[in-house]
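Going by the order they are written in, the chains are A, B, C and D; count residues from 1 in each one.
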Amino acid sequence: MSFIKEYVERQTLHRRNLLLMSAYGLCGAVLGAAAGPGRAGAVTANPRIAWSYRDRTNPYWNAIVSGGNAFVRSLGMPESALINLINEGSSEKSLADIQSLLSRYGSGVALAVDPNDMPNCRPVVEAVSKAGAYVSTIWNKTDDLHPWDFGDNYVSHMTWSDVGPSEQTARVLFDAMGGKGGVVHLGGIASNNPAIERLAGFRNALKAYPNIQLLAVQAADWDTQKANQVMSGFLTRYGDSIKGVHCASDTMAYGVIEALRAEGIEDMPVVSYDGNPQAVELVTQGKILATVFTNPYWAGGITAALAYYAATGAFKPSAEPHEHREFLGPTILVTTKDAREFKARYIDTNPQYDWKNFWALASK
Amino acid sequence: MSGDLTLTERMRRHFPWITLVSVLLVVGMKDINFLAPENLVNLASDFVPLLIMAVGMTFVIYIGGIDLSSQSIANMATVLATISLPALGVGAGLLVIVAGLVAGAVSGVVTTRLKVPSFISTLAVGGIALSVGQYASGQQALHMDMAQRLHAFGWLVGQTAGIPHALVLALLIVAAAWFIQVRMVPGRTFKAIGAAEPAVIASGIRAERYRVLAFALSGMFAALAGLVFSVRLSGGSPTLAEGFLLPAIVAVLVGGTPLTGGVGGVLNTLIGTMIVAVVRASMIYFSIPATGQQIFFGVVLIIAIATTIDRSKMRIVK
Amino acid sequence: MNRFLAMDALRKWVPLLVLVGLCLFFTVVNPNFLSLRNFARIAISATPALMVAVGVTFVILMGSIDLSMEGTVAVCAVLFALALNALGGSIAGWGWVAIPGALLVGAALGAVNGMVHVMLRIPSFMASLSLGFVGIGLSLLITGGNRILIDDPLFRSLLTVRVWGFPLMAYAALGCLLVAWFIQDHTTMGRNFYAVGGAEDLARASGLDVGRLRIIGFVLAGVFYALGAIFAVARLGIAETETGRNFMFMSITSVVVGGTALRGGAGGVWNTLVGVLIVNVIGNGMVVIGLADYFQDGVLGLLVIAAVYLSTNRQSLSFVK
Amino acid sequence: MFELKNVEKRYMGVHVLKGVDFRIDDGEIIGLVGENGAGKSTLMKVMYGAVQHDAGSVLVDGAAVNFRSPRDAMKMGVGMVYQEQSLIPNLTVMENIFLGFEKPFVRFGAIRWKKMAQAARRQLAKVKLDIDPATITSHLTFAQRQLVELAKVLALEERVEGRLVILLDEPTSVLSRDEIDLLFSVVRALRRRASFIFVSHRLDEIIDLSDRIYVLKDGSVVDVLDARHADIGTIQKKMVGRDINTEYYREDRQAPYDEDKVLLELDHVRIAGRGNDVSLRLHAGEVLALVGVEGSGREPILRTIFGMLKPEKGTLRIRGEPMRAFSPARSVAHGVGYVPRERKVEGIASGMNVFENMTLSQMRNYSRGGVLDIGAERALAREWIGKLSIKVPSEYADCGNLSGGNQQKVVLAKWRSGGSEIILLDHPTRGLDIGAKVDVYGMIRDMSAAGVGIILVADTLEEAIGLSHTIAVIKDGEIRKWFNCQPGAKPSLYDLIQHMV
């Protein structure tokens, strides 16, 4: 029955907090939580580490999680110490789960998160800093939101500039096509930032290849099955005039390759993005000409590490320069030439990373 | 006649809230902190958009239909609210509500006039709403200007004495929906349609109109849910409200409004939403591993539905 | 009375007419649509969906509904792939055991679904929805979120080998459809599904064990979901939790578009074939005519409403839920 | 030999069967008569296993049996030919005949349709019905379906050792004279294999066909008559338990109606889907009964007046005003009230309480700006509960749990309190016990006295004769004969039946 006693004790504390809060609220600082740097709570010796991400059915997020697990192991903790929050593509669930996490562990949380949709980043960050916990984000963030506006609590944001690498894959593709012929692009969920950037990179490359003809652009929502169906449709519509396929992700490339395989087409140039193990394997076989590795393993570890070490006080985020708070993740172009070597180095085994060297692989 | 009812039958109507209290207590046993008032307030306020959507859907399920368009209407609403905010200010809210009302009414007309089952008609209308959202957004995630958002909807994001305004709004909406259900002609008619549609027609009521109204209300509430979510996230995107639909349906069903209609209601949905909220939060408190969360949710759901639904009025369980 | 009967007879063919009409329309806009190769493409994308839709047809004929297919397909797909790889990786060897194994898993999941529905007296909508969550979770638990690749060329020949222009999987699916038709029209069980869907209380009064029949219906549905899972794996060579995605709404839409009534007792697997083809022709055709992708959801919705509207006999329905 | 000894049954506190003894010998045809509510249908349900009796015993050839379902009864050779359709409409005729007994036709899992069709043809031949066994049942006429029902029961012959007992529940109500003759010849021919229990309202047929006649009243067998010596008058007397007197139908209270005030007029109205034209006038205070056999077209007339069917031609005037659009809502707005036959489906909304049901048709009067005045609704309900002595614990009682009589009172209160001046009564006393019937008759008189025009489709001819001012005999959708029905000058049953069939 000790929990009742514990409850009474905590309750008195809470009531005090609540009174303070209401006084604060009545003073007019209604939006207090969002503003004001320096509300960072006491540093915690042993914060809980959590990763909030989209789903477990995707190799990309699996790599993220294994990175997170590697980091947790490096601290001498079992993998089960990493709390997984899966939002299943729902911003609402993402936010609600994070709120529950915060209400359970309060300020003692080091959170790594992909907020799922750009608008969701702000409420997540606000909730974390209100609780006095620490958060590092990747991918989705609106441009008007910056870590340095939240003191120490919003530790960092890492994203990847996909425009350049996507342009590189497109160039590999166009070269393989001999600089001429028709090409189609299969995009991700159209409103997702990576989908927009990867399409932009593709369009940039087109400018340099006047004889390449853009036949069609269509969203296949990162989905293998949908990409398969869209590709079949393209084959009917454009038939033999398709000489190359540019995919915004590996998962869609699989669907495309299978659609081609069903037609007995084995030599169509295809490029993709993300550098998943299966895709790298296909690059070694020459079935995909190029993909872009964003090192999700490292990203998964380092994002958690940033939040963790900020929470323990090992470093003070507000003392770091802006380029350490918002930075670009690594991108490595994998082509048929270097795929085997790349696979041996990054896929078959994961390199040992120093999880305290936060910006070791950052692009800038 | 009431003497013939067994104890279980009489207890039946209390099962939803008993379930809720039990779940709360189970999680509270694990960590007493969970039951702290401000934690519960936070938990509740996180579920405001879902609650609003589920309350709207209650009307449709109450008349024996189903609304699968809610999520898409909410998606559309986030986009419309965001793009119309600079021009219309608070009026953006009105625009969104009207858009939801119209989309819902279309589902209603297709269901009653064209006799397309609501399962299909609402799914189809949802597709249309999604297209509108995608087209209007230019297939991008949009964000609201902070100053405009504060100016138009600042009242929605603040809190007074620790109570978030959004929660107050949600409770007002629930109260309004409850008032419609128990004290107004449409609510009474919905109940009658769910209980015995032929009797409604034989009483000279234009049942079709009320059925359309139920769908329209559901659409309106879904848009409202999208609006609140959009303001909270200060942005909009045609995929922003993904993942709302099934939890909203589940909330209605767990609350004890079965798909057969005429039983349950808005307050049941309030309880159902809270059950869903607590069950979800409990996964963190019980440290359910990532790969087991879906199974946990599904199993708890079956148990919850098995205890909450009132089978006494169901002659045939389909 | 005669005029009524004539209308009735005509209405039976409306879904097929809608299908033909859609094909004509897409052909007019882009003549490439009307080609054997494109029909083969439609057949490939329709095959897994057809099996899942046929499965749910049995349940809908009884007036119930099943929303668990996404979970069941996912579990069957990953277990099938794991078993195939564990048993030597080729159906030429012991790997073939994976096929009956997957069907058995589908049957078992269907049985659980049916029993929760019948024995706990939970409406099938809710029971199957919950079990769908459990199924997806189960597949996640099994794979840990990873994808399982199938490289067996013999198994993949379902996709790669063509006879008269169509891949083997299309013929295999047709065979399964014939089995489904046989069950529906030529077995006591199949006919009893119609009896339950037509008038459950009268069927009960005639001494049918309706509860047992319902469970059997769900088991049968589970077996066909497993077939759908196997074809889905054959199509992409990948088994994962995502394999089940999108099947729920698409399969039920197909069934209704084909002219099977959600209230039960009318329609059947041939209707479902037409319905699945309609939905897949629309999906393929919208890409083929180059419709902007943001309009595709809306157009699909409008066409579905139109198709169901045309094939519904509104005189016989006083109201629809 | 099939026997019931001292069988008892209670439903929700109502004593429906009170120690019934019943015996049928091999090859015998037993007539079973009784008023509605006398317990006939419950007794039959006990016989064919649809309900289980509380006490007493059912014996087949002297051995006690316990039927838990109709299927158990079928296995013992007891089969039922239902009055209401029990054939599943979307199945074929042969599937219906062999539903649940398909096994003999199955080989290697497949049903051999040819074999089943042959067997079905054999059964159909027994009832002299020449149709394709593969016809979908919903495409048959009523009479054909009735014969298929009989054929279905006769199929027991091949499955069951020993003799059959076949229950015929109102088999003749939808049949033409020829078809009835056919049915009777079939029944007589089958005597060597089966015994029959024959239930009908048509006493002449009962006397014609049966060997012995059981008369049921208030749940007990009041007499067993030898059909050779029975006549309609005595049977009637025993059924009602007294002479059908003027008091029962409150004839003393029948006042002449106001001939100058026409409330409703049908002027050569052609009923949708029927093609017949109907003209009638309803005056204030008049009770106009439509009589005719089942399926003769009485309901379509009521439904047309209520706006549920749109007439193809002709004019319908309410208080002289011709109606242009037709919908129940419009009719209700013009003061028409409808008490449907399917009380539990169309009459009351079960799951809703008394006041909610009473104001269902008139919520406009009890709301302001869409907000309901629940206080006023409850007051109304309490007033009418008192006025009609409706037996309910409170106005909050769920109407689904009320007895039939009280439900009917709620429905009548709904229309009366809303001020409806034209009330359509479709079988208003169906399934009510005697006490409740008398109450309903009283209410009809009250309404009539208050100047309400009533169109009645009565449960029995006696009821129609007893209650009405005017009777229209309907056959094949047309009014064949008008009877003036003033007290003292009422037509007899035979006068009416003569024009009905």
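Going forward, a residue touches a chain if its C-beta (ideal position, glycine included) is under 8 Å from a C-beta of that chain, and two chains touch if they have at least 3 such contacts.
Here is each chain with its UniProt name: A = Sugar ABC transporter substrate-binding protein; C = ABC transporter permease; D = Sugar ABC transporter ATP-binding protein.
Since the structure is predicted, the reported quantities are computational estimates derived from the model, not experimental observations.
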Reference subunit D; chain at largest CA-centroid distance: A
Whole-Å separation of chain centres (CA-atom averages), subunit A against subunit B: 31
Length of the line joining the C-alpha centres of subunit B and subunit C, rounded to whole Å: 29
Intercentroid distance (Cα basis), subunit D paired with subunit C, Å: 44
Whole-Å gap separating subunit A and subunit D, where each centre is the average of the chain's CA atoms: 71
For subunit A, residues contacting two or more additional chains: 56, 65, 190, 219
Residue numbers of subunit C (touch at least two other chains): 140, 144-145, 293-294
Pairs of chains in contact (touch as defined earlier), listed by label: A-B, A-C, B-C, B-D, C-D
Of subunit D, residues touching subunit C in the complex: 50, 69-71, 74, 86-91, 95, 99-100, 102-103, 106, 109-111, 113, 139
Residue ranges of subunit D in contact with subunit B within the complex: 12-13, 306, 308, 327-333, 338, 340, 342, 345-352, 356, 360-361, 363-364, 367, 370-372, 374, 393, 397-398, 400-402, 414
Footprint of subunit A on subunit C - complex, ascending: 30, 32-33, 35, 37-38, 40-42, 44-45, 140, 144-147, 149, 159-160, 162, 167, 232, 235-238, 240-243, 245-246, 283-284, 286-290, 293-294
Residues of subunit B touching subunit C in the complex: 63-66, 68, 72, 110-112, 114-121, 123-132, 134-135, 139, 197-198, 201, 207, 211, 246, 249-250, 253, 258-261, 291-299, 301-302, 305-306, 309, 311, 314-318
Interfacial residue positions of subunit C with respect to subunit B in the complex: 62-65, 116-118, 120-127, 129-138, 140-141, 144-145, 200-201, 249, 252-253, 256-257, 262, 264, 293-302, 304-305, 308-309, 312, 314, 317-321
